[in-house]
Each structure stands twice: as C-alpha cells, then as structure tokens.
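Order as written gives the chain letters A, B, C, D and E; numbering starts at 1 within each chain.
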Amino acid sequence: ACGKAGSSNSSSSTSSASAAGGSGSGSIALLLPDNVTTRYEKFDKPLFEAKVKELAPNVTVEYANAAGSAQTQAQQVTTMINKGVKVIVISSQDAAAIKSSIQAAHDKGIKVVAYDRLAQGPVDAYISFDNYKVGQLQGQGLLQVMGAKATPSANVVEIDGDSADPNAADFKNGFTDAVKGKVKIAYDASGLWKPDVAAQKATAAINQLGKNNIAAFYSANDGMAGGIAASMKNAGLSSLPLTGQDAQLDAIQRIVAGTQSLTIYKAYKPEAEGAAQLAVDLLNGTDVKSVATATKTNASGNQVPSDLLTPVLVTKSNIKSTVVQDGLYSVSDICTGEFAAACKSAGLQ
Amino acid sequence: MSTEKTTTDQTPPPAVEQAIDPRLLVREEGFKGYWTEFKRKLRGGELGSLPVIIGLIIIWAIFGVKGTNFLTADNISAVLYYMCGIGTLAIGLVFVLLLGEIDLAVGSVSGLAAAIFAVLSVSHGVNIWLAAVLTLITGIAIGSLHGWIFAKIGVPAFVVTLAGFLGWQGLMLWILGSTGTINLPDTGVIHLLGGNSFFMGGDIAGGYILAIVATVAVALSQLNEQRRRRAAKVLFRPTSEIALRTALVAVVSFLAAYVLNQSKGVPNVLVLFLILLIVCDFVLRRTSYGRKVFAVGGNIEASRRAGISVPMIRISVYAISGFFAALGGLIIAAQISSANQGGSDPNNLMLAIASAVIGGTSLFGGRGRVWSALLGVLVIQSIKTGLDNLGLQLSIQYMITGAVLLAAVIIDSLSRQTQKSSGRA
Amino acid sequence: MSTEKTTTDQTPPPAVEQAIDPRLLVREEGFKGYWTEFKRKLRGGELGSLPVIIGLIIIWAIFGVKGTNFLTADNISAVLYYMCGIGTLAIGLVFVLLLGEIDLAVGSVSGLAAAIFAVLSVSHGVNIWLAAVLTLITGIAIGSLHGWIFAKIGVPAFVVTLAGFLGWQGLMLWILGSTGTINLPDTGVIHLLGGNSFFMGGDIAGGYILAIVATVAVALSQLNEQRRRRAAKVLFRPTSEIALRTALVAVVSFLAAYVLNQSKGVPNVLVLFLILLIVCDFVLRRTSYGRKVFAVGGNIEASRRAGISVPMIRISVYAISGFFAALGGLIIAAQISSANQGGSDPNNLMLAIASAVIGGTSLFGGRGRVWSALLGVLVIQSIKTGLDNLGLQLSIQYMITGAVLLAAVIIDSLSRQTQKSSGRA
Amino acid sequence: MVHVTSAPVLALRGVSKRFGAVQALTDVDLEVHAGEVVALVGDNGAGKSTLVKTIAGVHPIDEGVIEWEGKPVSIQKPHDAQNLGVATVYQDLALCDNLDVVNNLYLGRELKSLGTLDEVSMEKKALELLSTLSIRIPSVRIPVASLSGGQRQVVAIARSLIGDPKIVILDEPTAALGVEQTAQVLDLVERLRERGLGVILISHNMADVRAVADQVAVLRLGKNNGTFPVQETTQETIIAAITGATDNAVTRRQARTAEAAQ
Amino acid sequence: MVHVTSAPVLALRGVSKRFGAVQALTDVDLEVHAGEVVALVGDNGAGKSTLVKTIAGVHPIDEGVIEWEGKPVSIQKPHDAQNLGVATVYQDLALCDNLDVVNNLYLGRELKSLGTLDEVSMEKKALELLSTLSIRIPSVRIPVASLSGGQRQVVAIARSLIGDPKIVILDEPTAALGVEQTAQVLDLVERLRERGLGVILISHNMADVRAVADQVAVLRLGKNNGTFPVQETTQETIIAAITGATDNAVTRRQARTAEAAQ
C-alpha cells in the first residue's frame, strides 16, 4: 500500500552506472586484502592510482584495505556500492567468501576486476600471475641451487603459507610437482605467513631431523624466509639453499648476503597497470578481451577473461637486471651498511 | 499476590512516610524540577549514556563533513545492518561482564558455529532451519562447558575461555579443513539474517509500524508502573518525565524508520537484534534470574549466603554467551554468505568487548545494561564504516580507531570520576 | 637501623612468646616435621607451584615419548631460547596483573618497539646500542601514557590498552610502511639477544659458574635471614628446610647447565631473562615499592587511606609493562633477525597473559610472583615446540594447545578449591 | 522465658573446624531449644563467628554432628541451612554493594507477580520493615555501598526476618548500632522468643546479653568453656570464663578507676 | 583530664558535604584540643563517619574550613591528613585482605635497612604492639582476610599507633571487641591523652564514652546538636540529644523492663 522502501533511488543508481559508458568519469574502487604484506600499500596502490590517472584523469580511485578479514572486506564492498563506484578492483581476502558481495555489485551494474586472486562469482576480468607457475619456479630454482645435492633422499624442510589463503595451495602444488621424486619433503608445516612462527617451525624441523640431515629449506614467501634464515643461522646452516617469494627488499639483501638463495619476482608494475587498464576499459564499456586474452574458470563456474602474467626467478646473478632495472629498489636501498661488502662482490654498485 | 511471610510483629507499622529522610534532596514537581535535577546530575557526573550519545553525534558529524557519503540513507542503513553481528556477540558479553568475568571464546565460537552450520546444511544437506537450531544448541553446549569448568572446577574464566579461544578455532579449521570456505545459499535462515530480507518485505509501512509499537509500548509500561506505585504510596515517576522519555523514544524510532525507508527498509536482522535486546533487558531487570546475575556480579559470597546457587548462575550465563556467540556467527556468516577460515577473527572479540564497555557496562561486574551493547556497537560500526568511506590507509585507520575509542571513553570516565569524588558510586 | 617512633607506652611489653596461639599447628623439628607439614598442605590444597611443575613434567614426558627428538639437548635449548621473548612480556604483565588490571597493548608495543629500533639503527644509522636505549625509553613512555590515562583520567585500563592495542599497531605499520620488513644486522644488542651469543662464549665453565652462583646465593641469603630472625626471637626457617631448598635449586641449575652445555652453551638472552626475573622478584618482595603494588592490587581504598599514591603506582606499573614489552619486542626481533609488520601479533599477547596466569599469578590482583612468568612460559613454549616437532596440522595444534592449557590449570584450580574449602584463602 | 523440655531444635555435637594451620574449633557442643535465646560469648578470635558459619552452611564442618530437631543433618551450603529454617545475620554483613536496599532485603526470595519481579510490593514492605527497626535511610533505592555502618547492619538484620525461620542467628547485631536501634533489636529478639523461635545471639556487650538471653555459652580458644543459665550467674563468672582468668584487664581497669574515684 | 586553653589542634568550621542526592553534613563545627578526648556521638547515619572521613582526607569537603593549629588547611587526600599528623581508624577498617598482619600494620611506612624492607624488625615490633592490646592472633604472617572481626579491628587500631600523630581518630574502635580488649583500648585512649594527643572517639556505647571522654559532641541528621562537657551532663540529656526526643525506644524499653521486674 505504501510502496517499497528506497524504490526511488535504487533504480536510479543502476541506470546511472549502465549509462556511464564512454563518459570517462566516475570512480573505481580498489580493495586490497591485508596489510602484513608490504606490496599492497607500497606498490600496488600507488602504481594503480597513477595508471588510472594517466588513462582517465577524471576518474577517482576509492581505496580500502581489509586487514586480513573477509568480513571487513564484505563490508567494504557494501560501502563502495553505496558510494556509487562503477568498477571494483578487488584482491579478495577469501576468494569464496566474497562471492555474495561480488554478486551484489554485479546486480547493481558494477563491473568487477579480480586482482591477483581469482574471486568467485560473476567477475568481469582477472589479472594475476600464474600462482602454480610461481610454485614451480620455486621448485626448479631450488633444484638448480642444490645441483648435485638434489637426490631422492635429500631432506627438504617445507614451510608453507596460511592455508586460509587460496594461493597457498597453488604455490604448494606447483612446488611439490616440480620437485617430486627429486628430493624428499621431510618436514612440512604451515608458517601462517608469519616470520616468528616460521622461525620456530624451522628450529623444530632442524632439531627433529638433525642439522646434518637437511639439504634445503623451502619457504613459501620472503617474510617467512627471514625468520627461517635466522633459525638456520643459529644452527649454523646458513649456507643451505632457502627459497622465497615476493622480492621483498630484505629478501634481496639476504640473497646478496648469501643467506637466501632465490625469490620470485612478480613485477607489481605490469600487474597494477594491467588492472588499471582493465578497470578503465570496463568503466568506458570497452571490450577487455584484447588485454585479457586467456580465460580462467573460477570455483563458482564463471568463465573469466584473464590476463596471466609470468613471474621471474631472482637469484644473486640477476638482481641487477630485474628488481634494480625495474626501479623497484635502487642499489643504495639494497646495499646498506652490512650488505655493502657483499654487494661489491656480487657486482652491485 | 505475594507469597511472602515476614516475621515482623503485627503492631501497626508507623506511617511509611516517616522513613523518607529530610536530608534527601527530592526533585520538585514539573519540568522545572526535572531540569534542576538534570543540572545537579550533570555537575555530579551522573550522566548515564549521555557522553556516549554525544560521542556518537560527534563521530557522525565528523564523518558527515569529511566523507561525502556518510550521512546518506544507504550508508546509515549499512551501519545499522553490519552492526548486528558484533552487536549480538556483545549482548552475550554483557551478561558475562555483569558477572565480573570475561569470555574470550566468543569470537572462536562464532566462527565455529558458522562452520558447523555450513557443513551441516551445505555439505550434509540437513534442513537449513534444523541446521540453525543445531548450531545454536552447539553454542549453548559450548558455553555451558566453559561455565561448568569455571564454576565447578574453579579454573579462572579467563583461562577457560582462552583455552576455548584456541581450541574452538582449531576445531573450526579442522571442520572446514577439507573444503576451506563454504558458500551459503541465500535461503531460509541465511536469507532472513542476510542483507536482502526486510521487515514486511521492505514496505514503507513496516518501519513506521515498528516505530509506533515501540513508542506505545514505552508509554504504556511507564504509565502502568506509575499507577501501581502511586497506589502503593511509594515514590513514582512524574507524568512530565514519562512524557519526555516517550517523546525521546518516538523521535529516535521514527527518524530511524524514515532513514531506513529511504534506503531499502528495515533489515530483518536489525529487527531480530532489537527484539533480543528487549528480551534480554527484560530478563536482566525484571526477573529474579537477572537479579541473581547482578548479585553474583556484585558480591559472590553475599549471593552464596543468600542461597543463590552461584555455579548455576555462572553456567547459565556462559551458556547465554555461547548462544549469542553462535547466533552472532550465523549473522556474520549470512552477511558474507559463507563460512570461512577467518570466521573466528580475534578482532571480532575485541570489538564486541569494546562495544559492551563503551556502552557503559562495567568490567568489574554488577553494573551495566544490555542497551550498552547497542550504543557501543553503534559507535564502533560507525567508526569502521566511516573510515572505510574515507578510504584511508590502514595504518591511519588503526590509529584513528584507537584514538576515537579512547576519546569516547575518556568523556565517560571523566564524568564517572566527578561522580566518584562526590560519592562512593 | 629503624627510623620508627611508636606511640606505645614504655611499660615493658609482655614476653613475645605469649602471642603465639596454642591453636596454631606448628611444624615439628627436623625432616619428619617437614614431611608431615607437606602432607597436610597437600591435603589442604596448598600446593604452590607443584601442579604446574608436575604438569610440565607430564608435558615433557608425553612429547619425549611421542616425538623422538623432544628431550635432546638441542631441542631443550631451543625451548629455553625461544621462551625468552614471550617470557619477557609476561614479566611486565605480572606487575600489571598484581594490580588487578590488564595490559592488552603489550603485543602491539613490542611490535612497535622492534620497528622503531629497526628504523633508527638500520634506516637512520643510529648507533645500535643507543637505538636500543631509545627504544626502551619509548616503551616506558608509552606505558606511562597508558598508566596516566588510566590513573588520572580514570578510563578503565582495559579500554586504554585496547585503544593502545589498535593504535600502536597502526603506528608500527606506518613506521614500517615505506620499507616493509627490515633486516637487522647480527651485531651489538641484536647479537646479544640473538641465538648466536652464549654466556662466556659458550664455554662449558660458563653454565656451571652460573649454577654455582645461583646455589651459593640461595643458601647464603637464607642462612642470613635465619640468623637475623633467630636473633630477633621470631619464628625462623629450620636449617633442614634451608638445606632442602638449596639442594633443589642446585639440582635444577646444574641439570640445566649440563643440558645447555651439551648443546651450544647458555644463551645470553636466557641469562638476561633470569637476571630480570631475579631483579623483579627482589623489587616486588623486598622493597616498599613492591609492597605498594601488592597493596593496591589487594584493596585500592585501603592503600589510598594508608597514604599510598595510587596513581603513581599505577603509572609506574604500566611504565614497567611498557619497558618489558619493548624489551620483549627487541628479543623477538633478534630471534628472527628482522622487524616486520607481523610483529604485533595478538597471539603474543595471549600467550604472555596465559604464561603469567598458568604460572600462578591471580587475575584478580594482589596475589602472584614474578617466577610465574618463568614457569608459565616454560609450559607454553614446551607445548609450542613439542607440537612443532611433531609437525602436526595447524588445526590440531590449536586444539591441543587449548586442551593442554586447560589441563594445566585444572589441576591448579582443583588444588585451590580444596584450599578454599578449608579457609578463605 | 518459655522453657521447652523437648529435643532441641538445633544441637551441635563435637564439632571441629580447621583452616589451614589454624584449629579454629575443637570439639564444640551447643544446644538451642525453641523459644530460647542462647547467647554465645567469648574473646576475640574465640571461634564464635566460625561456629555460626558452620551452622549457616558457609563452610562445612570437618568433624562432629549437627542435629536438627533430633535428627543428624548435613549442612554443606547456605541453601541447606536456609531450607532447614536457619536465618543468619553475619558479622561481616555480606550485602551486595551494587544492589539497592530493597534488592538486598529480598535477594534470593524476591516477590513476584506473573513471573516478573514485583518491585512495588517489595519497596512498600521494605519501607515498613525498616521503620519497625527505627532506622533512617535516605532512600531504599540507593545502593547499600553508600549506607553508614549502622544502616548496613539494620538492613542485614531486616533481611533475616524475611522468610519463615525457626532459628535466627545474630552475630554481633548491635555492634554498629546506636542506642535507640540497639533497644529496638533487643525488643525484636524478645518478640522472636515469644513467637517460639530459637535465637543464637553473639555479643560482647554483657548488659545486652544479660537483658535478653536465657543461656550463655562461652567459647574460649575454639573450645567450650561452660554454659551458664543467665538468671543464676554473675557477670564476673562469665567474664572469668571468657578471659580464662579472674585477673584481667577488665578487673584491673575497674580497680584503677575505683581507686581514682576515691 | 589535662585541659589546654590554647588554640585547638583541629577545628572544623561550617563544614558541609553532599553525596549525590544526600546532604550528609550541613554546617558542622567541631574543635579538638591537645590532650583532650572528644566523643562524637549520634544516631546511625547521623554523619559521624562522614565527618571523620573528611578530616582524614578520604573525601574532600564541599564547603567550610578545616583549621589545623589555628591555620586553615586544605585536606584533599589521605596523604595530606597524615602529613599534618592525623591517624585514623576507620569504621570499615580498610585493610588489604591479601597482605599479612605485619604488612598491613606497616603499610605506607615500612621499616627499611639498606633500602630493602626490614621484615624481621617489623615482625618483632608487630608482635610487641599486638600483645599490649592483648589480642591473640594465630600468626602475624597470615593474611588479614582470615582474621576474626575483632582481630581485624585490633590490627586497625594498632596501625594508627605507628608513626607520630598529633590527633588520633577512632571510629567505633571497640564495636567488635571483647570485654578485655575493650578495656585495653580505653586504657590506650587515656594513655594517648596523657601524652598530649587529641583524640576523637566515635562510639555508640555511652558507658565507654562517659569513661574516657572530656567533651561529647552530638550530631543529628548531619547537623550539630550540642556539645556537652561529660562531667556535668547526665546520660539522659545526651541520649535525648542523639535521638531528638525524650520519649524513645530506649526509655520505653527501660520502662517496660522496670515494670516486668516488679
């Protein structure tokens, strides 16, 4: 009798979003998952914002970080919908849990770009590195560093990421597939992405297996590798191979100093800029198939046009040609104090 | 009407009036007396919820000016919608805090409840309502277990629930283990608690009907109380004050109904949350069970000597807390349509405790009201949503949240201190 | 020697012996009396630390049987090494718990301290020792700020430190913001607190010297006390008991020295931790400051009326907690050779609180000892390392940790209950 | 002074109680008949309150038997004692400081109408009850934390009169009371006796004891030290039993003041 | 009975104090001279303890002046009062239940040697002090939580004697004490007077008041209701001033018992 609450303005927001095509104005939401990993607020956010500004000067970017909580991220999507953004670029904290939020955005006519992590639901585009390939590269790199020591009886200690993170399984699978039959995984535990947890697990592994019976350490990322390196040092095992991922500054320094063997560099720039390109294209109603040439099917069965980038293996020998050349870090960033000497011998100066 | 037998002798008691002390400063009749009493209370620091309400208004004003979208109907209704999850946890915590204890396991229990519900209803195909009931029963059972270990074995509640905090989280991870996140269908209880279900289907009339019911109920119950007290010749609340209180309730509830109607209507989960508040308030203030909770929170030994079974009260309060934790878990799961491994986020625990305390429930037991869960969670959720709106960097968000929490309670504490210096209260 | 003036009159006081009550069951002389008293205490539930120690032995036995490598020297020394970080946080918390309050910010402050230290020493090139001192001063300043807001403004400590929990974490993220993780050089204070620095360079003699010092100090201080009490004609501890206590200390310290020497020696951070425990124990039990802390924890009003400045005690205790939080942060950072954004892990807070409580410090104030930080953290770290050794799934680890925590305290609580039923204790 | 020869309502036989290293009660006997006022006296720390608390179920006895109307009973918790019909006013009062006067009076036995608390009736009856004890309390709706010592004591006494006890135990009920309130409480004790209740009265005030008690039971260092019928015993005998000597501070003080008066 | 004509050590002029809606003290005056025992009497809830707490700095006064040796002083917290030389025994005792007897006695003014607590001396002196008050406490090393009411009271009284006060305030010190301990406390009060200290004694026991006091100040409903020299005043006058009427429960009870005795 009295009519539906809010009937007047909910329809208007839908229509305005769909009518926005080609106007080149409006706003894009960038939703990132956590604050423990350095990359998001240091690289992804500024790179993304800069690229959007370059492509579409009138478009504003709204930013929110979920601080590692799927629940917070769902609220942030609602907030963004209420603010009337036209495109949401989201790196989901929990790829499955975000499904209903993405559905809600979709229902309002908002386009969704899955960034770095493939969310469930009606996603319009996806950009990321191939996570399985990351794990594979870690495995191949490790075998390469171990060289002749890589025998089927060589004990490798594996510290994985937090199993709540969908990518952790991809890394693990890629890694185990790469090393299967070539080395023996003697200890396998989750370090929860936390350095102090990883450090104590590594010490436990060393005491469990005996320090002379370990051939190498696998760490799923650089953060944990820092803690593991400290434990290896205490046990006098600093010379053993140790993997990582993310090309964090501290990891590059460890690689220079020889306490970590390799890391995986997933250039943030192409990823962030690619996402900006996708977002602006979606905002303008342009077809994204030209950029997102691949197709991935997400866990809820949606076919998503995808742009899959290739990661790079970084060791002491190619630091200069990767992270330094890309401007991620300058030589002076890396070669502080105690690392200066090691830098010199590594040819970084 | 009463079943009491006193042993006082049957000589006619002296007129009751004699007992009123000449030193008691009684309020004058009419609005003027109300105003002078208000001023006296203000000076004495007895402000009740006033500082929190003022704090809330300030927070809204700041976000309203800073963020362009904060004071829109859609956004306010988002605040009111999302607050229900933490708010439900906070209701249970109010009971526990009234006992002077703490329940650190509510966050984990809520995550576990969501997981159990998801596994039952999605993976095992149990009827969705039955699954919800089983989940709530599990919550009650877990709470009772905490309470039993605390009350009967004597392990400090802090430690019991700390163990619960760790243990139930482990159980949740184990339950979800093979599947990780489980998406929930938007039907049955999940639809009801979720963001697409509105009172009377979102009909404009719905909100106003609720507002009318609230106003009338407040007015009638107060008038009835006044009539009975007047008949018994004990002090009663003047009509002027009743009118004022009723007017306040009317303004707030009609305003809320109007704003929510501008958006999509009154979310059913909000209606549920308000009903729970009213029921719990009734239980705590009007039943002998509630009186016993306050008594145990005030003085355990005195309660025991008064024949109250302290262990029973403790166990039941933890059972209540377990129930609300499980229900809160369902609400949070409904809001994100899934049960996931982050469900037992310790932040939820912290925010729920903060809500109860900011709202005015003492951490030291024996003092507080259920309504503090509502007030406190409104403050917390407003800050959260407001900061999300501004899109600030996370580090700055943390700092602001900390600072605002502090500011909100500093006002409250300052007023209490004034109060203390003019009495033992 | 004493500066006291009493107003008692100068008539010769009746013999002091008269005041000994005939109803007091005095222990018989010699070892036999010691044994009967022990049995009586056992029956009455006055077990002191016994249950925790038995719990520890059970935990070690289980892990020793289950995991093949738990009882190796290397592993035990890993337990003793890693416990120092959380243990240091727990020392500060013991002070706070003795006041009957809580400090939820210790985890965040420790993370912040590591970040400040790293930025100062690595990014800004400040001398590493100076940076450590500045960091500790920052910790003290932060703690004092918490204390001040609590004591002077009257905001409940819970809320102040909850705000700190959020706020300082934000500040830490902001400080680390531009660089993320910062590697710490293995020099100076970081070397000292890290895993490659041993007492007397890991010389076998080092451990035994420490054990001898401990044993001799315990024996001498007790004999001295006995002599003075005997001279003053008040009850004193019999020589037999002193011998027993000294023997116990000797056995434990020589055993620990032997085991650590089997590995790489006594880590300097462990020596530091033990020195801190001794100093804090002395402060709490032997100085009037410590007495005041207990008094405020027991009865705030009585302390105030005794002329104690309650705000000063509160502020200083929070300052102490801030100091230990900062120091603990440095130790944890040294153990992983880096300062990172996960430094203010709320789990550290939970574990530190659990350590203090499991060790026997009451959450309700006024009862506890600094040594509970040692006992408790030993339990916690043993469980943690033992589970790591077994390489179990995370979900099962959580459950076991929860269950063991609970079991450890159930024994303790049961004994306290017996105690309570035979007295008000 | 109605004396009943039947079995005592309450009898303690050989009751002992220990707290840790302190033997507070050793082998104590006590009998209370209906319509009889038994005064329990003794030095500070003699164990009077401990004895009363064992009867009231605050802490169970270690050894001995408690008989109720001739039958042995087990009193493990305060609820047991209340069910038998024991109402107790404790020396340490035991009120809930956060609750107001009315709520404290009716704690554990609230009046209800239709399942909800009947605050109005409780408030009305509380006002009546307090005025029979002629105490002035500013308002029955203020928390007892803000009452004076005597006001708290009267609230505790009034509490024991709600319900329908057979034995009322008063542990130093008049300690904090003014002269008028003390007189009211003594009147009250006499009214209780007339209604056939048994009363155990603990007091250090010999005048009060002699005014209302029928029997005086003396405790000394946790043991019985004699039971005296008030009528046939002099104050000196009782005091000597309490202090354990005829030469004590009381007699010395009396001698001194008598001397000074000369 | 040494009377000094100089300025009073302590004088209150027009002191008022309000708690929320209760006006506890209105315009109260009081004077205490050195070597004088002033008894402060009044009905329950008359405001005696409140008055004493304002002097002791427990809660500051709202209006009026406190003069110390003729000069106005501001007493904001207990520390201020202690510095002036006021030692107080509170009605609610205020002991730290978790600390033992020795620690409670010396709380805030511990004996030290070489900066550390001198537990041995404290324990020795505590034993001496308690035995002059002829109290039996099983051990001075048990927490005061486990003491009897009277034992706690004696500990509180002993506490006030440590230090070097000029005025000792005793709020119902003998309420929980046995006959012997009461006599000792009265002796103590006399010794304090002889040493030239001012004493404020609150008591409901008229016999005690008449035994040791020089002046009796009466409070009624928070207001002064007369000050009487003990020597020249009858007990009836004082009781009438306390209760506000000559016909009260006390006189009625006396009349009744007299009647019954006939």
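The rule is short, and it goes like this: a contact is a pair of C-beta atoms (placed from the backbone, for glycine too) under 8 Å apart; a residue touches a chain by one contact, two chains touch by 3 or more.
The chain lineup, named per UniProt: B, C = Xylose transport system permease protein XylH; D, E = ATP-binding cassette domain-containing protein.
In this text, all values refer to a predicted model and were calculated from it rather than measured experimentally.
Engineer: For the chain pairs C-E and A-C, which is connected through the larger number of C-beta pairs in contact?
Structural biologist: C-E
Engineer: Would you identify the chain whose Cα-based centre sits farthest away from the centre of chain C?
Structural biologist: Relative to chain C, the chain whose C-alpha centre sits farthest away is D.
Engineer: Where the centre means the average of the CA atoms, what chain is farthest from chain B?
Structural biologist: E
Engineer: Just give me the whole-number Å value for how far the CA centre of chain A lies from that of chain B.
Structural biologist: Measuring from centre to centre gives 40 Å for this pair.
Engineer: Using the average of all C-alpha atoms in each chain as its centre, how far is it in Å between chain B and chain C?
Structural biologist: Averaging C-alpha atoms per chain gives centres 37 Å apart.
Engineer: Cα centroid separation between chain A and chain D, in whole Å?
Structural biologist: 75
Engineer: Name the residues of chain E that each touch 2 or more other chains.
Structural biologist: 19-22, 136-139, 146, 221
Engineer: Return the residues of chain B touching two or more other chains; collapse runs of consecutive numbers into ranges.
Structural biologist: Expected reply: 21, 23-24, 393-395, 397, 423-425.
Engineer: Return the residues of chain A touching two or more other chains; collapse runs of consecutive numbers into ranges.
Structural biologist: Where chain A meets two or more other chains at a single residue, that happens at 35, 41, 163.
Engineer: Could you pull out which chain C residues touch chain E in their complex?
Structural biologist: Spelled out, the residues of chain C in touch with chain E are 1-9, 11, 13-14, 16, 18-21, 23-24, 225, 228-229, 232-235, 282, 286-288, 291-292, 294-295, 297-299, 301-309, 365-367, 423-425.
Engineer: Help me check something: in the complex, which residues belonging to chain B touch chain A?
Structural biologist: It comes out as residues 69, 72-75, 78, 81-82, 85, 180-183, 186, 194-195, 198, 201-207, 260-266, 332, 335-338, 340-343, 345, 347-348, 384-385, 388-389, 391, 393-395, 397.
Engineer: Under the definition above, what is the set of chain D residues touching chain E in their complex?
Structural biologist: Per the touch definition, chain D meets chain E at residues 19-22, 42-46, 48-50, 91-92, 134-139, 142, 146-151, 153-154, 172, 175-184, 186-187, 204-206, 211, 221, 239, 242-243, 248-250, 252-253, 257.
Engineer: Which residues of chain A touch chain B in the complex?
Structural biologist: 1-6, 9-10, 35, 41, 62-65, 67-72, 74-76, 78-79, 82-84, 93-101, 104, 120, 163-164, 166, 300
Engineer: Chain B touches which residues of chain D in the complex?
Structural biologist: 56, 58, 77-79, 82, 88, 90, 94-99, 103, 107-113, 115-118, 120-121, 123-125, 127-132, 136-141, 143, 145-146, 161-165, 191-192, 195, 197
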